[in-house]
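Per-chain numbering from 1; labels A, B, C and D assigned in written order.
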Amino acid sequence: MKPITVGILGAGRIGQVHGNNLLRMAGIELKAVTDPYVDFASWPPAPVATGKDPGLILDDDAIEAVLVCSPTPTHADLTERAAKMGKHVFCEKPIDLDPVRIRRTLAVVEECGVNLQVGFNRRFDPTFARVRRAVTDGDVGEIHLIKITSRDPEAPPADYVRDSGGIFLDMTIHDFDMVRYLTGSEVEEVYAAGAVLIDPAIGEAGDVDTAVTTLKMTNGAIAVIENSRQAVYGYDQRVEVFGSGGSAEAGNETPNRVTVSSLDGVRSDKPLYFFLERYQASFVAELESFFASIRDDEPTPVGGMDGLMSVLVGLAASKSLAENRPVQVEGT
Amino acid sequence: MKPITVGILGAGRIGQVHGNNLLRMAGIELKAVTDPYVDFASWPPAPVATGKDPGLILDDDAIEAVLVCSPTPTHADLTERAAKMGKHVFCEKPIDLDPVRIRRTLAVVEECGVNLQVGFNRRFDPTFARVRRAVTDGDVGEIHLIKITSRDPEAPPADYVRDSGGIFLDMTIHDFDMVRYLTGSEVEEVYAAGAVLIDPAIGEAGDVDTAVTTLKMTNGAIAVIENSRQAVYGYDQRVEVFGSGGSAEAGNETPNRVTVSSLDGVRSDKPLYFFLERYQASFVAELESFFASIRDDEPTPVGGMDGLMSVLVGLAASKSLAENRPVQVEGT
Amino acid sequence: MKPITVGILGAGRIGQVHGNNLLRMAGIELKAVTDPYVDFASWPPAPVATGKDPGLILDDDAIEAVLVCSPTPTHADLTERAAKMGKHVFCEKPIDLDPVRIRRTLAVVEECGVNLQVGFNRRFDPTFARVRRAVTDGDVGEIHLIKITSRDPEAPPADYVRDSGGIFLDMTIHDFDMVRYLTGSEVEEVYAAGAVLIDPAIGEAGDVDTAVTTLKMTNGAIAVIENSRQAVYGYDQRVEVFGSGGSAEAGNETPNRVTVSSLDGVRSDKPLYFFLERYQASFVAELESFFASIRDDEPTPVGGMDGLMSVLVGLAASKSLAENRPVQVEGT
Amino acid sequence: MKPITVGILGAGRIGQVHGNNLLRMAGIELKAVTDPYVDFASWPPAPVATGKDPGLILDDDAIEAVLVCSPTPTHADLTERAAKMGKHVFCEKPIDLDPVRIRRTLAVVEECGVNLQVGFNRRFDPTFARVRRAVTDGDVGEIHLIKITSRDPEAPPADYVRDSGGIFLDMTIHDFDMVRYLTGSEVEEVYAAGAVLIDPAIGEAGDVDTAVTTLKMTNGAIAVIENSRQAVYGYDQRVEVFGSGGSAEAGNETPNRVTVSSLDGVRSDKPLYFFLERYQASFVAELESFFASIRDDEPTPVGGMDGLMSVLVGLAASKSLAENRPVQVEGT
């Protein structure tokens, strides 16, 4: 079987994660990586081509698929350019912070007839996928409540926060997508409560670091997402779906299954540190799924509308926080 | 040591639970139980006096303490009458659904110089008390988030719901008190989302059966309470307090610690069925605490203001649900 | 219903535990407690009669049932005397350390036609009873392996050890009974490995403080019991039954269900401290079961043969340890 | 850095597992795979050379390291031949079933000055390595007891059993090594109890399918290993080390962290199916460790003596079972 040829636009942390996964993947050939700000001294290994100009990838007819791993403001443009060159696109989230821009990009992608997948990797996590299966198997019955706990191990610097679009578009956006994935339903109305409790600099940057967001879903269920930018014990990523048939609940992953009992009590190790550790398998699985959709000429499992909807919910949450009132999600 | 003499006003379910606990308690003498609607054929055992008229207890100078276990609309009146007769009062929650009435009752109690304890039994549960200790010991650090899951095993009949004051004053009121207890802070603002997902008759009775309530606390923390009137797997009672130092989390109590592994997976038994099973120990402990406060002439651990505040929060939640907007709690 | 009248022979720790449970039990009247070495200043409460002479109980025709809670060397004699006076007997384990003596006592009991129950309280623990139910329900299938972990929180003083009959007759005897209870099968052959690892004084007293005992059962299954006289984190009491259908496993009971997550890891409290805390409910349940067998004129759930068999297994284990070879259990 | 060149002798299941891991490993070049009974149609991928004759690897001076993955009877011979050609050897366990033969092989390896690692992969499992760390960190204190539960999900066919050397040399050998690894101590004496409870054909093949093995260690501790050839709920791999400071206990790995609560109880998925799933990471880690020892010119972490000792313990266990008595381990 001829391998699928791939280029990566952007060689930052997530670009390298994807790149290393590609290098170990059967049936995939990583041909080039570009990044205007990277020197490529030690990575990627030969014979992968490297350069500063995305044209190295976009203009190479031999490259079939592109991973957009550059900064958010460039996502929409690069996605459109790649689509116009007939390349399938895997784009990190969010496609853009402006729904108008996202819609335009989706229109271009559709016109070009290429596949687009958005990087909501958590859908491919075995634990969350198992929760989803409990829903689709009927174990949960009709869904009544969804609860997500999502806490990072360390707050980002205020500089990062300033350009991030705010906690709802930067961090909670994954949880919005998770609610949509687990329920198969859309968000209708959002109420967000937020506070600055961890780092005053985050407040000065115009954002909050602690938030509770309530979502009313079109199927009647209520979801609640609780976020913190800093859980000192590590990455806290739990979900629960509750309904007429019962509950499916996902706990944290830990580095081992050891408990130590001593005079002081019973101890176990902290959860896996952060997303690179916790979601390692899901980063591989989302790409495998993307390439499978190319091979089988089928829709990707996380499409452009998924990219758009989570941004619409994020914007509604930001507005709710600013105006301290429930806000309808645009278009629902 | 002379025993404390006690009378119980109201011989319904909770009155009998308290009565049976009293009968086994050292240093306590249950002298009389009254209830206008009960025949007292088989309970309580001799030589406890029984009758329909509360005067049998209120007018008996030999009775030092009274348990008000009658229907809610009679709580305030009976509490006042007992206080005026110089008796210490343990009153089931809520004192009344009207804050004006509660304040009047508290004034009478204060004037009479008797002890008043409100029946927020969950504060005396060993598991929740352990979470509180994690807070006071400093393990949690500065509190950022409080999460409560509170689900009943079976929805009450619509008739009950109609006179209950609504889910927030009937069910969530315990959770409001728990948030106050765990944080040592007051509720400032409430936003409640609700839905009728379990029994349409509850909706027709003007109530919801599923709710998510967000509370902004005076110390800056955010609390979220999630309620359901029916979890088919039993009584689901969990709390988590999260802060700068970490998290303290209470899981459900189960009837045993057995897991069965078979071809089908790994199974354990459901949580304890309902509040009588789950909070058995706390019903004893709250009364012991009440009697200790009488013996030591000290304030009760759950006083009149605790009874008032939880009603004020409940009313704000009801209003928030009705008007779909965040509502300030009266007096904060 | 006329209450069952009861006397307690022996007012040490376990006698007081049983006595206090009796005092709170419906349908039971504790009439007298005797102990030659106790002054009875503060316990039991009036109107229970007290005295040094067991005759106060044995000669009182109004007493129907007797609890033998005295030191082991007096168990057989007091059981026989009570039986001859027509009283039902609840006897703490072991009946005696000498099987010949036990058999004689059982013969007397049988001749007198009274009920005899031996104090293997753990059979009445809700968690172990649940494991047994998994066996009788068929969840475990045909039994292949039984594993018991049984560790005390503190080693007894060497003086106690010297008169205890050794670890197998003092401590493991409960586990031997548990194996018989869980499997419904008898022990055929025993191999015991032991060591002195905790307190050299225990070795000087002729005993071991750490042991692993392998039992071959008549139904073909193999059981293994692992004992330590000192687990610094508290009383460790776990069992597992494994078979063709799967496994049923009982974990430790803890004082609460709280986990605290912090920089240092995830912690929970130690298991309940020792047998009085861990088996509180089972001490009540075994007596209720004894009295029910009297009321219903039915055999007790833990009879004389159960008392005999566990001693026979204990003696085989002691011999195996001494001779470092597998030893057949007498009579199998 | 020049890659280490590797050849694999034997292309059965474990040979392919190692081969696929090598293909993804940085700094390693898999040059050739040989197996006299395999056709190599689809594996390994080009440009790896393949053939029936081990000489293809042994005579290739460009190959530095060899993995011996052939059937057990050929291990010693191939290891010696490779060592004589100056190649470092990773040999699957056991080196041989005859200690005399193993000693001769170890002498050849030593004379040739090459590195030898034996395939006790479980030492490299993160969970068991964490238990070992609890020991070396002093959390467990002085070791008193070691408990291993080791159950396969499916019994092997009787044909396999016949040539396996018996359960102790085929299955328990891993557990013997685990006891040595966790304690850092040697086995002095063994007592094994066994039974045929799963498949009569295993009994007819002269083996048992259920076993409990007690080990007395040179440091005074007692270990107990409990084996079953068939746990219907999957691969059951647990260990506990208990000592003066407390206990470190490793539970099973599961495919996800989801619990489903319903009317029937609380369920989670079965443990990972078998060794390929459960020990996936450890197979990679043991090879990385082997190659690191080559690069750094240091001893391998699991050397020839480890291969010898576990066989000596296995032979003592077989003898103990046959003679129903404790047996000294040769050379201790």
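As a convention for this text, contacts are C-beta pairs under 8 Å (C-beta built on N, C-alpha and C of every residue); 3 or more make two chains touch, one makes a residue touch a chain.
Here the structure is a predicted model, which is why all the values come from computation and not from measurement.
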(request) Select the interface copy of C-D from among A-B, B-D or A-C: the correct pair shares over half of its contact pairs, counted by residue number. (result) A-B
(request) With centres defined as the mean of C-alpha atoms, identify the chain lying farthest from chain A. (result) C
(message) What's the distance between the Cα centroids of chain B and chain D, rounded to whole Å?
(response) 58
(request) Please report how many Å separate the Cα centroid of chain A from that of chain D, as a whole number. (result) 40
(request) Give the residues of chain A that touch two or more other chains, as numbers and ranges in rising order. (result) 231-233, 236, 245-247, 261-263, 269
(message) Under the definition above, what is the set of chain D residues touching chain C in their complex?
(response) 142, 144-145, 147, 149, 151, 191, 193-195, 197-198, 210-212, 214, 216, 220-222, 224, 226, 228, 230-233, 236, 242, 244-247, 324-326
(request) Note which residues of chain D are touching chain A in the complex, please. (result) 24, 126-127, 129-131, 134, 139-140, 245-253, 255-263, 269
(message) So in the complex, the part of chain A that touches chain C is made up of which residues?
(response) 231-233, 236, 261-270
